[in-house]
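Please find the structures below.
What follows is subunit A paired twice: with subunit B in the first complex and subunit C in the second.
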Partner chain A sequence: MFALSLTNRVACWWMIFRIALEERLAYRGDFALGTLMRFLPIITQVFLWTAVFEAVGSGSSTARLAGYSLDDMIAYYLLSMLARAFSSMPGLASTIAKQIREGEVKKYIVQPIDLIGFMLLGRAAHKIAYYTVATLPFALVFYLCRGYFASGWPSSEILIAFVLSCVLGFLLGFFMDLCIGLVGFWFLEVSSLLFIYMLLNFFLSGHMFPLDLLSEPWKTIVDWLPFKYMAYFPAAIFLGKIPAEQLWWQVGTEALWLLGLIGLSRVLYSRGLKRYSGYGG
Partner chain B sequence: MYGLSLEAVRELIGHYNSIAMAIIEIEKLSKSYRVYQKQEGLLAAVRGLWHREYRDVEAVRTVDLKVEQGEFVAFLGPNGAGKTTTLKLLSGVIYPTSGTARVMGHVPWLRDNDYRRRFALVMGQKNQLWWDLPAQESFRLHERIYQIDKKEFTRSLNELSDLLQVQKLLGRPVRELSLGERMKMELIAALLHSPEVLFLDEPTIGLDVVAQHNIQQFLRYYQQQRKTTILLTSHYMKDIAALCQRVVVITDGAIKFDGSLSGIIDSFSGSKILKLQLSDGQSAEGLERFAEVTSVVLPKVALRCARAEVPKMLAAILQHYQVDDVAVEDPPLEDVIADLYQKSN
Partner chain C sequence: MTPCETKAKSKHPSYGKVFLMFARNSLVRDMMFRANFLIESVSSVCWAIMNVGLYWIIFEHTTSIGRDTGWGKYEFFVFMGTTWIINSLMQTFFMPNSEEFSELIRTGGLDFAMLKPIDTQFLISLRKVSWSSLSNLLFGILLMVISLAHLMTRAENPWHFQPSIVVLYPLYIACGVAILYSLMICLAATSVWLGRNQTLYDFWFYITNFSRYPMEIYARGWGLPLLFVFTFVIPVLVVVNVPARLLAQPLTPRASWEWPLAGFTLLATVSSLNVSRWVFQKALRSYRSASS
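Let's turn to the complex of A and B:
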């Protein structure tokens, strides 16, 4: 009985995943272009940090910023970009808010499916579609930039932690965006909230610069916030910036944040539905 | 003691309940919305930032309704009367302010999966299919979501797409379909899992006459075959006349009438229409002495008079005028309903 319902469930999840993937590939031109455009900022970043380091150390190769050499900095940038390929959720929160506003969310309320699980599968499919297209360019960029990775491949323990932190980063990013989208049950329009969130995320995730560059008390504050897991944390793991004795503690803290956000999203969803009056007809 | 075990008694009571219980039972159901009372003007808009006045709108007020298995019921009423709100309550999309409802024994707004597998909701103004994909992909997803047996799925899909004549469109992205074709796909998506109860909210809205007719015919055939219990809201009298034996008129969130379509005329219209064909050379002058003249296109004249006065009036007219033909008719349903709506406002 249980086994049967489990296979049914898995079959259903697989179908949701497949159809979301198909939908993603429907606009292949736009999709491929959007994927490739993401690689453009790399060049500007390389130039920017080279200029910064020239100004700081007047071009000496030993100049360091908060323990980062120029090579480290560019390696960090590339890795954080990889981390963000997992954690960023373009359009998720605004889509959910729009579905609430326009009453499309009724579809999930009426059908025997779980909105959150459905969204998660759909987003996972989007990501897989993205990786399929992006793997080759990513590999090429990392190959061309291999010179910046001065210390070579890290240990397998660090690699495992890195991969795990990327996957957790995907889930964390998903549930954060989801929670913001679900606020749409109360405010209908979440674009300002989303803007603030994206701004915070941009600076506090380490997307702009490694968080080690921050001075106290900001460094401690940012350390306690969940944003750093979206970009800084995986990159810092890979580059060995996280002390070994703290590594698994921090991965654990990330998992706790994730659990907290899953709980929050469930509360928001069930409260939101209570409040929902079926806007838009 | 009496030759009946406790179990047997329980079984009997259960049996009795299942007979006595209607498939849809609504008791004193009410739903009020809190809406922000927006004042006109910029100043008021600024004030509204910190001080807001709310107003309670009662969309549905203490509605009682029972629907038996296999009935095809129409909800009729002006815009904003509470028809859609009632359907939303019954499909569990919103919670009521007070009162109870049971559909097939389930409380809709608890949204348990057992209930959600047994009914379907189609909204003429909402799209439930995947916009950029062919409809058949959405159908396959429904096959999984509703755990439809594979053979049963293929059989239903073939039958439904045959009846609605959309076999050739199954592979075309939904965004490329016409409104009528899309509505047919929506219906298929809703019926694949053979729901026992179906809620249709204006399924023919915006469709051309042919498409409306197709969907009417389909619904009538389907309902006759399957004995599905259907609740329909529509503004097209033709939909209702063609499909529903029972009509529930809702205005201002309350039920004003519950009966057959022709019953509406009997209960709400006290007048009849007299249609006369005057003989050659007769003028219609002076007819207004007898009754209200509603149209004169000689030799035809139409008059409206109170139902009780028809024989007297007719006799008087026939005394004074030469008439070739007489017909006594009910006023058009649309007029009666328009009156009814206006009274409620």
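Let's turn to the complex of A and C:
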């Protein structure tokens, strides 16, 4: 009996996953072009940082800025884009808040499908569809920019930590966005909250600059916040900016954040459902 | 007034009055949702502050962008202020309209715009004013004034006020806005042929992204072709660079290429406007309505 329900369950998850995958692959041409264009700002970043380093080191190629050489800096931007491709969840929080506001959450109450599981599978499928299409443009850009990765491929330990931190980044990004969306049970409209979150995320995740550039006490504060795992952390691992003895501790901290957020989202969802009164049609 | 005069008058609607009416209507609409208006204004200023924050951090580590370019911290903040002023003018007056233009083409709503007894490009370009975007204009001016005050009071090589700047700066701001407007109209008009052009809007964002930095940073290696294309073919680089440079850098000494560049900007403005007019009318002639 149990075995049957488990296979049923897996079949159900598989179906959800496939639907989301098909949905995403419908417009792949436009999608690949859009991904490629997203790398255009890197060009201006290359020139900007070249100019900055020129001023710092009076033109010498050994100039360092907070421990970063010019090559490191450009490599950092490329890697943080890759990390963001995992952790960014466009439209997740607002979709959930909208479903709460318009009463669509009802369908998860009457159907034997868990809202959080459904959303997670949907996102995972979207991401996988995204990578199948985006791998080519990403590979092309990284190949063209291979010169910036001065020290070549890192050790296998670092590579494993890098991949793990990307996957954890995806989950962390998902559950953070999810929690913001679930606050909608209390406030209905979460766009202001979401805006503050996006602002913090953009600045403190290291999407705009390597967090090592920050001065104390900011650096320590940002180190304790979960935002850095969304962009800075995977890139810093790859570039060997995380000291070896701290590497797994930090990955562990990330996992703890993730567990905490999973717990929080469960609490928010169950408490929220008690308040929920099914507005809308 | 004779009937003849009335007829002549009705042929030439008063564009100023019509524009004021558009602006008034938009303001009335914005004021209906005051909290939303406030949130929009605050959020766009927040993005701007964050951007300043980024460069603040960069300037903790360096004294200037590029060697001997003269773009120190506060000079660069004048540059950023200029960027925000020009961008906010674009967002206030033209951005919402050109977004709608593509929609009008796709849905066939352009028919109604063409029937109106007024220049279609004028109607399409200025129908909506997004007042909340003006908050960034104020922010840009504030940033500029604070930075200029710093430059004025610094010990070495302080900034001096030049009377000519009162005329030149607004003139070149206007040129910058006109060039960006032309580019935007050209991109929007392509929806006549393409049906829909979401990617082209991203393209707009990425092209104008080049204009946000001092042009000296491109003057090396494979940046030179970019510098050439974005100055002489799609002149987005002169948009912010020329007015910001006039304001932030001392009038003398000037590098030999600066005055010719300022002259070229005027030429580029006039030709961009002409090209955009030509593209717009070509697009209108190819327009074959939609739906029914």
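Just so it is clear, the second predicted complex is superposed on the first by the 267 of 281 C-alpha atoms of A that agree within 3 Å, B and C clash if a C-alpha of one lies under 4 Å from a C-alpha of the other, contacts with A are read in each partner's own complex, and residues count from 1 in each chain.
Basically, contacts are C-beta pairs under 8 Å (C-beta built on N, C-alpha and C of every residue); 3 or more make two chains touch, one makes a residue touch a chain.
Since the model is a prediction, treat every value here as computed from it, not as a measurement.
When the two complexes are overlaid on subunit A, subunit B and subunit C sit side by side with no clash. Contacts of A:197 after superposition on the shared chain: neither subunit B nor subunit C is touched.
One of subunit B and subunit C touches more residues of subunit A, and that partner is C. Contacts of A:47 after superposition on the shared chain: subunit C is touched, whereas subunit B is not. Within the superposed three-chain model, A:65 lies in touch with subunit C and out of touch with subunit B [touch as defined at top].
When the two complexes are overlaid on their common chain A, residue A:33 makes contact with subunit C while staying clear of subunit B.
Seen from the CA centre of subunit A, subunit B and subunit C lie at an angle of 90° in the overlaid model, rounded to the nearest 10. Look at A:55: by the touch rule set out above, it reaches subunit C but stays clear of subunit B.
Contact with subunit B, but none with subunit C, is seen for A:276 once the two complexes are overlaid on the shared chain.
By the touch criterion stated above, A:142 is placed in contact with neither subunit B nor subunit C.
Annotation: superposed on chain A, subunit B and subunit C show a minimal Cα-Cα gap of 9 Å.
The interface of subunit A with subunit B does not overlap its interface with subunit C at any residue.
Only residues 39, 43, 46-47, 50, 53-54, 57-58, 60-67, 69, 198-199, 202-203, 206, 209-210, 212-214, 216-218, 220, 223, 226 of subunit C touch subunit A when the two sit together in their complex. Of all the residues in subunit A, the ones that touch subunit C in their complex are 30, 33-34, 37-38, 40-41, 43-44, 47-48, 50-52, 54-56, 58-59, 65-66, 191-192, 195, 199, 202-203, 208-209, 213-215. Every residue of subunit A that touches subunit B in the complex is listed here, in rising order: 8, 11-12, 15-16, 19, 22-23, 26-27, 103-104, 106-107, 109-113, 274, 276-278, 281. By the touch criterion given at the top, residues 33, 84-85, 88, 91-95, 111, 113, 116-117, 120-121, 123, 125-128, 130, 132-133, 137-138, 140-141, 143-147, 173 of subunit B touch subunit A in their complex.
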